[in-house]
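Next, two complexes with subunit A in common: one pairs it with subunit B, the other with subunit C.
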Partner chain A sequence: MQAIRTMTALAALFALGSAAQAATEAEGLAEVKAFTLEHNAALIAEAQKMQATAEGYAAIIDAHGGDYAKAWEAEGPKLATAVKDLRAHWLAASNQYETIEGIVAGIPSTAKYDLILDAGNPGTEAEDVAEYDLTLPDGTVLERPGSLFHSITEPLFWGTDEAHVKQAADLDGDGQTGRGEVLFDANLAVGAARGMVEWATALETDMKAWEPNRDDAFTAVVTMTPTVGDYFGEWKESQFLGGDSAAFVAQSRLVDVTGIMSGCERMYRSAISPVVAADDPALDSSISGGFEELLALIADTRGREEQGDTFSPEEADALGAEAQDLAERIVAQVLQAAAKHGVDIKS
Partner chain B sequence: MRLLVLLLCLIAGPALADTPWSAAETLRSEAGRIERLLYRQTTPEREAEIATRLGTMRAAWDGAAAAFGPGDAAQALADHAAAAAAGDAPEAARQRQLLWARLMATSRDHALAALAAGDAAAASGWLNIRDYARASGDTAAVLAVKALSEGQLDPAAARDAVEAELLTVAASELRLALTRAAEDAAGDRWVQYAGDRGRIEGLVAYLRGNLTERLGPEAVAAIDADLARAADDPAALDAVAAQLSGYAPVALSPEEQLRRARLLRRFTALVWVEYKDGVRDGEISQPIEYHEARLFRDRAALILGDLAPGMADRAAAERLAALLAETKAVMDAKADGVEPLVNEALALIDGAFGAEVAAGGYAAAVDALPAALDELALVAGSGDWAEAELKRLEAYSWFDPDIEQRLVPRAPSMALRLEARFWEGTAARPGLGRLVADHAAPDALAAEIAGIKADLTEARAKIETPLSATGAVLQSSAILFREGLEAVLILAALMAALRAEGADPARYRRAIGGGVALALAASFALWAGARWLFSISTLAREAIEGGTALVAAVVLVWMVLGLNAGGGHVARLRQRLAAGLTAGTVAMLAFLVVFREGFETVLFYEALLVDAAPLPVLGGLVLGGGAALAAGWALLASGRRLPLGVFFRVTSVLLAVLAVMLVGAGIRGLQTAALISATPVSWFPDRDWLQLWFGLFPVAEPLAAQAAVLVILILPVLGRRLRAAVPLRG
Partner chain C sequence: MKTQFRYHIRPLALAALAAAAGLGLYAALAPAPQPTGVALAAVPYYSLPFGPDETGEDRPFWPSRMQSATGRMTDPARLPSSAECGSCHRTEFEEWAGSLHAAADRDLIYEATVDANVDLLRHGAEQGRFCEGCHAPGEMLAGRVTRHVAVPPADALTEGVSCIACHTATHADPVEGNGALTLAYDRAEAERDGPQGAALLADPRAHLAAYGAPDTTKLLAGSEICGACHTEAYDLSMSRAETRQDVQSTFVEWRDSWYARNGVTCQDCHMADDPAAQVMALREGRLDKPARYSHRFIGANHVMTDTSLGDTLSVLRGGLLPGVDRDLNQATLAEQARQTTEFLRTAAGLELRGTTATAEGLHVELAVQNLGAGHNLPTGVNDQKHMWLEIHLTDATGAEIFRSGGDAERLGVEDPQAVAWLEHFLDNKGQRITGHLTFATARVEWVRKPIPPRGEELVGYDIPLPPDAQGPFRLTAQLHYRVALPDLIYQNLRRTLPVPSFTLAELSADLPEQAR
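After this line comes the complex of A and B, so read on.
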């Protein structure tokens, strides 16, 4: 528990230190862009590792004429390692993206990449559709298949996408095939991993072209901060709390929300705070304090989850409600500042 | 961490000693953290942390008590500390909310006093200790304080604006707390229920003066009694909600009512949009969509709470509340049946608040247009150009009429330029229409979208600048003069020409009067129909305007040819003139040239009346109309002074010029209606005055049509001269 508090204090001190570096709005905006590009590059690197591993996995399957049972029988350990590595690369890539998701999704010119990579629905849904088609190595084109992370690769790699499960396999060698212990469609794995590299690279191109500006910075914070309640809602429903929807997630939604809210806080601290503080230091301090409190709540909850603490339904609900209230207060305060400075929030 | 908070207080303290907002933030934040700690198992570590945080709160209060002055916050702080120290989670949650409400009440009193004294800086500091509108995004208070500090608003007006927002937010939060209390009680969440109760008690105290004024002391006493009962009986809060069902702390202005009605419609519509993705077969398929559907329902309920007391149709207000409650119940059960409830609610909203809520209007347009442009870029980026074209038309339909109508009276040239950017643009800078048709590179598309957004920002600045009475007179007169001059000149020149031909103008006055009156009636009828009976799309409106102009141009060209011909149909025309058969033709021309601009002119005046008082607008209308009529009268009168031959040639040339203008405007209208293509040219001057006053656009198609008309009009004249010259040479 003490470790969590120390980490929170260190994060706050880091925040103070960084804020001191970004003395002007222009510096702050540039700093946000540099930060985003840094993690974008790391995302591409992880996606490339994912692609290489998926291609290795597919080569093993191909070597056995596409017969997954034979491949497993002949080269089970290699395939198990490949699946394990794919999951590790997925988690690493996802964490890199979550760190910048609040910024990417909040900037109008890059928001589409959030839908394609992480948050978009398949074309069968009515809204927030990821507008892209995925071409697989065998030439199959999946039209608007949903986000690469959560609609395709997460359920594929963890074996919950039953349509693409090819073979039950005792991946951990414990003599049993438990939940998620499967070999999955190599064709889809390679196509999705290549898509991940392609779209992460396209994001990098557009992010490099982005000209940081005040309107985008405000819009990003106003748009993304309130999503904290959505993620807490999903967290409550997820396997980690035994929710009734049995929604599968490879890692806790609190990891996602930590990344997104950190991105919002960074955008505020670096790019907006210099504007607000110039004529209303009290409002600026209140907003900064709000972010600090929100991040502390998330970090605290995540820390307890990692320690194995259990949350009663009322406590989980209260944490979500409190996070939502804090986020709505922050957004309302940012809107006050936007109104004072004539900022155009893009809805 | 706590060391950090204290450090921050020490750093910030001297500079911000006037208002204790920092201490209030500490009290709010620490009380929240203590509440979260109290959910956990009792351990020595937990107790130690609670004690330390209570100490931090105490220190913050000690440093700020003097600034807050006398009040009941100190008692709330003590009660909270006692409950927290005893590990009484429900009571600590309740006292936490009471403490915050009391700090807000004291701060509000200080802020309002500072505003009344004209001290914007002090008021701004105290106003950091408050709640904010979470659904409606109100910012009137902060803008009022800013205006006071800049000397643009007097202290009394600033005070009223701030008080109105604080009261409205508190009433809205009170309704939300009542809803949450009912949910928490139903869900056996008793710590949260206690917190809800504390919030309700605190907000009732915050609003007590206004509640007493609006509902009467008996009703407030009944609320107090029900709140006391609610400690053991959550159903008692139903009675509180019933007492407050018709309560509005202040009357919303018509603009605020419209803004909120639009939000209500938007949030209500989004409930189904999210829910249908979030729930499948009784199960949550996408938790985020499901959560957002619930969030939008709650926001709709919050906004309805603001609107309901002011709704004239009480039955509609009650039915809407019932529908939203029913929607919530269905959503909680993850059942089917949300869509019909939402549809019924939307129909009720449209019925109660008028078509303007659904249609959008200026406020909705300035919100929606940039979003439509962003979506255009998105779908174009994905290579879906057909969808991009639809998005372009959607964006244009937000510009015209909602923004264009407001912009034309103030900056007609800017409106023209901006309109062109949605279509073909210019040869040097292709517009969105051309870029989408050519599947342009993302950079070019992004640059044009950025340019349109920048122009829109400039346009909004022009539109939203307050309009003085003199400005309203000038703009009103300019509209009628600009839109009416063409019709007046055509009719006056025609009358003058006919008189010069020896016909009696008196014979056509009734025909012209009838045509003009019919055109005005048709313009108003179309306006009224489009407003209340049917929808008329932007493109259809442009097509009507362009088509009418072209028909008018054909009639006019035929007449000009007839008046100038030495033989052929002029002889027949003259015979008809003599027989009185042309009255219908003259009436038709009068109808066409007035109706062509009539509908749009009515829309411009409707828009102008949004920004200006009726009297200056009426004055301008009389002035502009008088000026146009004076021009027509001057034309007619000059016929009496000029030699007949000269005057006849002058009016013929004028009519020919006007025919060329009509053709240009007509073709341009059909291009804007997307019925014919548009090709920008670089060799023709791109001048606002040429486009506004002479219908000469740097676009190939209208220029070609105008050249053709010019040739048609000039050829007979040249032919006559040639025929006249040949015998001489021979």
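After this line comes the complex of A and C, so read on.
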């Protein structure tokens, strides 16, 4: 089984073109920057899709004079599709951002974007406030409203922001309106999606000016690698618990896991491995082997899923636990190496 | 005798010499005991965002009140997992495997709720120590509850409240709570230098020193060890509460009760081999201790033992524990479910105390009784664990003419009109929090105070009767219990899982004709 996994991982890495080890730390860091910009561009692209979908959603509401009930009655399927697409674009954008969050949050010149996009509180809170105002299409200015992903769009699109729920709606057509089955404020949706594009683009500008360095590379790997357990968890839950996530996730969570972990592995091989291998080849080999094993496990599981295999909950749990265990062992070793080299891991 | 002694003195002396030489050789060749624990400074990137205590000492586990007996962190590679303990203590291991203690750190809803709290703050991972002290003491003491985790995982850390969590405890403060336990994991580490496996039977001294020390043995016999975690209060260390907010006061509820006065401990009911029988005996005033103590820790969470949930239960409990296969898991959970169900049925009672005619209709008075719980009903974290009354009144034709509290079951949501024993968590703007967001909670308010041990509360209903309603009227009442709000699961897990309720008590009565 181990051999099969390793071969599968190597095949996956070959396909992704991510396995090459940089000759020097400087070259590797340049690759990290390129990687970050690549995902930043993907984030902008997803945000633009979110904006286009939100504007389409708003246009339907506007066509009915802003009356959500009438709009639902007349064009329910279109609105349901728009909500579903907004959620899918949100997830895709969030995944792209999560992939580079460790770097963005770790760089002094870009840390503010982490608060604005993903991690900041509204101005009513005492700390970690996202310092920006959001102007909506109708001219309303929301002063320091919190992060675009988690304070605004996530609760809006999933109907937990009750203040902006406009209409209960049977989005999945099962004859009932369950939790989260709502039409929400189109004005806020468009404003927030535009804000997402604006700030993701501003991040790109500052990211292009960033000079990559060792601390940021280590920070990114140790921040992102442990998230494999969360993604595996979501995959498992979508298999066995059903519910909203199962309905809207456009693709298997394992696809996201593959992308993110390949990114982590790429960053390790490119920018960190040259540093670790210089004075502790055994540790470098152990970390590299850990990544190979982790990617093999993910590729193997994804391959089985594509072939139509079904997983028992115990098996899915065991796979998730194994992935998390591997990731945590990798990170523990990377942090040991980081400590040895006096790396400043950004929080 | 003297002659015999003289005759044997030479072989005896040789034997003594050989024994001394053997012991000397053993002492010389035996590996020196390894130092136990790990210095805090040796755990890279372990973050201490809350600063030192008032004496200038580090507080590695704050805002949990958990302490390490030596002041050092623990080396997870040297800790035994409960599965290892189970190789000899099989019955205890199998019982524990079905318990909530075993799932304390794997429970999916718990994990999702911790994540939701952690995401609220930049130092959320470290503030999460408040939760993990009780739910994952091994993870805490190993230094794994921090944003950047440089300590590798180990089986022994995945088992929540595991064998060593209780069996190395040396001190507890059940009034302060918030995990106020001192754990001597160094004893578990040191025990690794003694004989292991079957050899342990030949020389059990190290094992006894680790897990049977007098301070631990004494602590395990009383309620104080339970109270250290089953007492919870919020202040600015882990929430937005500017004054102490008592969130969970199970120990104090017990301490001030008939049960404590009569020497009945937490263990006497929750660890009884037959918990329901034990409670029924106590209800009758019989104070005999259980013949055997079990490690099932039977409690009120009937959902996390509900085998009718099938695969969902396995997922909710975080999968199989180390050393547990599917068959053992199902068997132990089935027994856990059976005992939990029986246990819950011993807790409460409902009585119709009176019916009087009023100008508009009827006034009905019900007594809701705490018959068998040695603490309040409900107890625990009552923003989630709550109970409510559902009553129906029907007329002679069977038509329903009054209902209260029925929406919760019918719609799967909380019924705001029901008579409910429930706490509200409020944020700093006074808005209710339903997702158990401790870190955002500023105030905790009871909607209706819980019922103390051996106490009761009279609940009155003014029931308007339609002019044409004809008796005799029939009243049915049910006292329901639910371990979590559906909102908690939707908000933190993004799922619309049903949270089945449990009927603690019920009654039905034909009301006297003169009531009209």
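One rule holds in what follows: the second predicted complex is superposed on the first by the 192 of 347 C-alpha atoms of A that agree within 3 Å, B and C clash if a C-alpha of one lies under 4 Å from a C-alpha of the other, contacts with A are read in each partner's own complex, and residues count from 1 in each chain.
Going forward, a contact is a pair of C-beta atoms (placed from the backbone, for glycine too) under 8 Å apart; a residue touches a chain by one contact, two chains touch by 3 or more.
Everything quoted here is computed from the prediction, not taken from an experiment.
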First (subunit B), second (subunit C), both or neither touched by A:G178: second
Partner chain(s) touched by A:G263 [first = subunit B, second = subunit C, both, neither]: neither
First (subunit B), second (subunit C), both or neither touched by A:S312: both
First (subunit B), second (subunit C), both or neither touched by A:W158: second
Subunit B versus subunit C as contact partner of A:G146, first or second or both or neither: neither
First, second, both or neither for A:A339, with subunit B first and subunit C second: both
Which of subunit B and subunit C A:S286 touches, first, second, both or neither: first
Between subunit B and subunit C, more extensive residue contact with subunit A: B
Common ground on subunit A, meaning residues reached by subunit C in one complex and by subunit B in the other: 121, 127-128, 230, 233, 237, 244-245, 312-314, 317-318, 321, 324, 328-329, 332-333, 335-336, 338-339, 347
Parts of subunit C lying in touch with subunit A, wherever the complex brings them together: 44-45, 47, 108, 115, 119-123, 147-153, 158, 311-312, 314-315, 318-320, 326, 329, 429, 486, 490-491, 493-497
In the complex with subunit B, residue positions of subunit A that touch it: 1, 5, 8-9, 12-13, 108-109, 111-112, 121, 125-128, 131-132, 209, 227, 229-231, 233-234, 237-238, 244-245, 247, 280-283, 285-286, 289, 293, 296-297, 300, 312-315, 317-319, 321-322, 324, 328-329, 332-333, 335-336, 338-340, 344, 346-347
In the complex with subunit C, residue positions of subunit A that touch it: 119, 121, 124, 127-128, 150, 158, 160, 178-180, 222-223, 226, 230, 233, 236-237, 240-245, 312-314, 316-318, 320-321, 324-325, 328-329, 331-333, 335-336, 338-339, 345, 347
Residue ranges of subunit B in contact with subunit A within the complex: 1, 3-4, 8, 12, 15-16, 19, 21-22, 25, 29, 32-33, 35-36, 39-40, 45, 124-125, 128, 131-134, 137, 139, 142-143, 146, 180, 187-192, 273-274, 276-277, 283-288, 290-292, 295, 367-368, 370-371, 374, 377-379, 381-382, 384, 443, 446, 457
